[in-house]
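Shared between the two complexes below is chain A, which pairs with chain B and chain C, respectively.
Our next item is the complex of A and B:
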């Protein structure tokens, strides 16, 4: 039986998640319950959404360094406008998504490096967030809180949400024709262009879609924390990039995996809990987190090489 | 009817016997410290104090465990995950120094729902189910102006060094200073800079504003900025005003030198990092079944001309003047809040 390269790509993240989960269950049997799983994974839901957003940007060979501040901005909007006057809140979100599309257009038209543009935008989003919420506060809209703390039967919300996110984005990116085009822009812009597609429209659309998922991430985060703070999600920039890479995506070539990205986000969250259960001193924790990343990536490189050898035969 | 009477009687007995039997044994209880940051002398002193007091408490079997956890990066989402992990680890109480007053509320609510006692201190949280041990920063700012009013009844020009912009502690101390100046109109704030609670930043900021200022009678500060201010005045060859200090070791050493040289007088005020140990005892008391008000106020640590030497002697090099709290101190704070 021939295993497709896409499946190979998924095996490592899935295996590392299972391994980590087994280790956590061994150390902390209490986690092996409905509430336990929910507590372990509920903060991974906004990270998974941010990772999917980052994955979309990476699918067109760009990188978004403003992801963390943008999610913080969305969290601030959720805790203030969306809660007090939903119509204005939705309008702001639509504006933000349009801004993302505009960023995509600017990057494409002026052939600017996305890293520079998004790094600049990160200060814009950060500034807007501070303007909106100068000191921590705000309140989560009731429905967001209800959604994030709901208790579906048998399977905890965090798991259900992760599966839904993974499946929806899988169909969107891997199965739909739009998804093929988006990945095509990352893989070979010229051929997509020659085939008569408007790359500028595709890029704008991809950025808008990424903005949409980042908005969802902000809402989910506030649903969990009950209130916002202008610096609430700064970590998400690096976490989302690491999540995509961990889940089998690559920086260039339109090679991404939505299911992998969600698994990557879960793995990163679990790695933090794992280290905390291990009682590793905080001085070493960042290093240990990095070590886990390096081990997984090394495994991937090794498998990639195997794959190549298979092909050259 | 008889049953009802019996019920009443037993309730009455339970009420009378309550205070005695409510003293649950805490020797089997586990307390965790969730800390968001360890990167400055104050936080290091806080963790050292926690270690010292809780090791002793564990050895004496007051509690079963008191483990400190610090997040690797100073981020609210990371600390929320840390608190959720503590719930899974089965702690009975969590003592929190929070990265954000609001962003941890979801995780803290989860902890409360799991029956865990949550006590926040220094960086307190707004979630109503948690206890708060707050410092009256406003009173701390006001006390500086009051001291100056006593020392120099004629008043004069003040330079205010503020902390990190956008942090609530900075706003509160500033409000206290403003209130103090309003009550003592002989003082006038002629300049204000942000020192970010760091000597080098304060020195740069003060050096930058000094040329534009008239004669300064006194400098009101927020802690961690007094030594830098003194250096800036010395570098500009201006007479040294009365600079209120913030209990840092370098500040106290400088004060001592000036005092020995020409009888320089000032005062020093800040919160003691040992407040973590107060939070520990409060958590222990709550686990013990004591009724504790949700909002407690911790006194700040003030050093005056008279007790400078003793405080300096007990302060570590590069550290902060500190007090560690005992069970009795916690009981005093609890009873004074009622």
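Our next item is the complex of A and C:
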């Protein structure tokens, strides 16, 4: 059977995750257990959700620089309103998702660069988060806590959740008609427009969907940490972008891969643990993480080139 | 088919006026298309063909005049046009390159909704491709990115002609054969006749007049935003058609210069992958790369380029200039002015102490604007304000401005009108006489005939070398098809 280019795209992220995992197990054999795996990948679940959200935005050739502050904002809402009076919490989340849709509309109508708009919005979300929780605190809703700490048989929750996220988003983005249209907007807006679709609605819908996944990310994060802080997820902005790219996505052209994005998020989380096991001081960890990223991307470019050469044969 | 249905109007655009700023793109143009006819639309680049197409498919609202679909007017817009069965294949490829063939079909056909649409879309496209291009060999499950430019064009044509519930009533084909070779183009023309015979209508825009004359029932000639002639195709000949467009037919009468194959070749390459003939180019020669589209000509040009230029580190003095074929992909800088697009390749010569000499750049621009007649009031205008043919002229000028002695051309005349072509041919001749070497991949026979020597490609290798009077359509076709199973 011929291997499609989408599958080739997934080989590198999957291989790098396997390699990192093998290295971690080699250094710390005790990680090779139910609890060990859960601890290793626990924090990957919110990052994976944020990465999926970022991937949606990138599928329509935009970039969301407010992802980190928005997830922080959602975490703060979860730890305060959603816990105290669920109805108001849900309303706030619906409002936030509507705001995301509105951002998409504004970006499309005014032809603004998404980077500028979302960078501006990041201050809005950050400010709202600080207003809600000036100092770290709040409490996780019981059900979120239960969901994130539940212990399914055989496979830890973190893995189950990652697989579910990957499959659901794969179906949504890669298989369904809506997903095709979203990626079509990224690939060639004019052709989608000429076929009679409303690009403005597609973009608004994509942003709203991204907002929805970011909300889930905030809830999952609070479920793990039990309390929130206005700065809890600031690094998610760059982590989510790195996760998409690591997973085989590209900045333009609507080339994204949901399974790859989740794998990318897992790899990034694991890279942190790996570096700790290597006893690399936290000062160097960010640099080392960057080095891992560069190595993986270089591998991908190399593979792309091989593929191209194969094709011209 | 009785007389009443035969005369039913599918689209009627009357008195259409469209202006872009100070430019009158359409100045009261009328175009009526009836069911069961193929209308050929010809005219210069910038005559308003693309604009009237955009008005008919609803992408552009006219500033005056009205468009009626199927006799009832009123609504206008993309959805109204699509609802009336109007489909369009655009000159530039307009598929989503990141999606597969059937996903693109899903986007083009909203009625493919519901469960299992992938399988149905696949069947739809495959059936239609088989119908138009029998024996095409395209894998409909592959991503558009992985297809060649000719295959993409075929897929787009097939998707546009396909109909799930109802067949399209009018298909507009804007330069459909520009990247297809002769065999595929003939298949398409035959299909158009069948489609028209079954009661559909086609608006065919092409610069290949032979196609227009043989395929259309009626030919509409446009010039300066107006319709200047509208007669049955049988009333036209190539000559009268070109005259109607405002061109004076020039007989191709240059005497082929004497054999320039003397001395050292300026560029040579051993046989590709150990098969076929070796390549050699001499000073002042014009060499054609012929053969069916996509048989390794572009790859050859790229290899020739890389043989003198490093892939990593740009050479100080460029010996080879390259004229790209796909303007949008690797030709123009869409955000830059015409002048900047023109001078980019020769900034080294235009600058002193690493700063660009604006005065010299402007002079250069004005000189070339006159020499190749770029139709613009101001060279500072954006490159995209020019029509396609004029953009291509700028790309030519970019290569000719440089000091490079060798110019590689990757089918650069795609979609350029006859008048512009003639102008460029003259420039090429003059430049070749002054010692420049041109290596020219072209899919058009007329251009191949201009060359001093021609290499014919088949399946990635050079299979024949023709020189002087041996260069004829018959010989080239023979060489491209010999061996049996090609194409």
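Following the convention adopted for this analysis, the second predicted complex is superposed on the first by the 311 of 313 C-alpha atoms of A that agree within 3 Å, B and C clash if a C-alpha of one lies under 4 Å from a C-alpha of the other, contacts with A are read in each partner's own complex, and residues count from 1 in each chain.
Note that a residue touches a chain if its C-beta (ideal position, glycine included) is under 8 Å from a C-beta of that chain, and two chains touch if they have at least 3 such contacts.
All of these numbers come straight from a predicted model, not from anything done at the bench.
Colleague: Per the contact definition in the header, classify A:187: touching chain B only (first), chain C only (second), both, or neither.
Modeller: A:187 sits against chain C, while chain B stays out of touch.
Colleague: Applying the document's definition of touch, where does A:253 land relative to chain B and chain C: first, second, both, or neither?
Modeller: A:253 sits against chain C, while chain B stays out of touch.
Colleague: After lining up the shared chain so the two structures overlap, which partner does A:196 touch, if you call chain B first and chain C second: first, second, both or neither?
Modeller: Once the two structures are laid over each other on A, A:196 reaches chain C alone.
Colleague: Check the contacts made with chain A and report whether chain B or chain C touches more of its residues.
Modeller: Answer, by number of touched residues of chain A: B.
Colleague: Should A:153 be classified as contacting the first partner (chain B), the second (chain C), both, or neither?
Modeller: So A:153 meets neither chain B nor chain C here.
Colleague: Output check: A:231 vs chain B and chain C. Expected answer is one of first, second, both, neither. What do you get?
Modeller: After superposition on chain A, A:231 lies in contact with chain B alone.
Colleague: Quick check on the superposed pair: does A:135 touch chain B, chain C, both, or neither? Answer first, second, both or neither.
Modeller: First partner only, chain B.
Colleague: Where on chain A do chain B and chain C both make contact?
Modeller: none
Colleague: Okay, in this complex, where on chain C does chain A touch?
Modeller: 57, 59, 78-79, 82, 88, 90, 94-99, 103-104, 106-108, 110, 112-113, 117-118, 139, 141-143, 145-146, 299
Colleague: What residues on chain A touch chain B, complex-wise?
Modeller: Interface residues on the chain A side: 28, 30-31, 35-36, 39-40, 42-43, 130, 134-138, 148, 221, 224-229, 231-236, 269, 272-273, 276-277, 279, 282, 285-286, 289.
Colleague: Which residues of chain B touch chain A in their complex?
Modeller: Answer in residue numbers: 38, 67, 69-73, 75-78, 80-82, 84-85, 87-90, 100-107, 109-110, 114, 126-127, 166, 168, 171.
Colleague: In their complex, what parts of chain A are in touch with chain C?
Modeller: 2, 4-6, 175, 177, 180-181, 183-184, 186-188, 190-197, 253-255, 311-312
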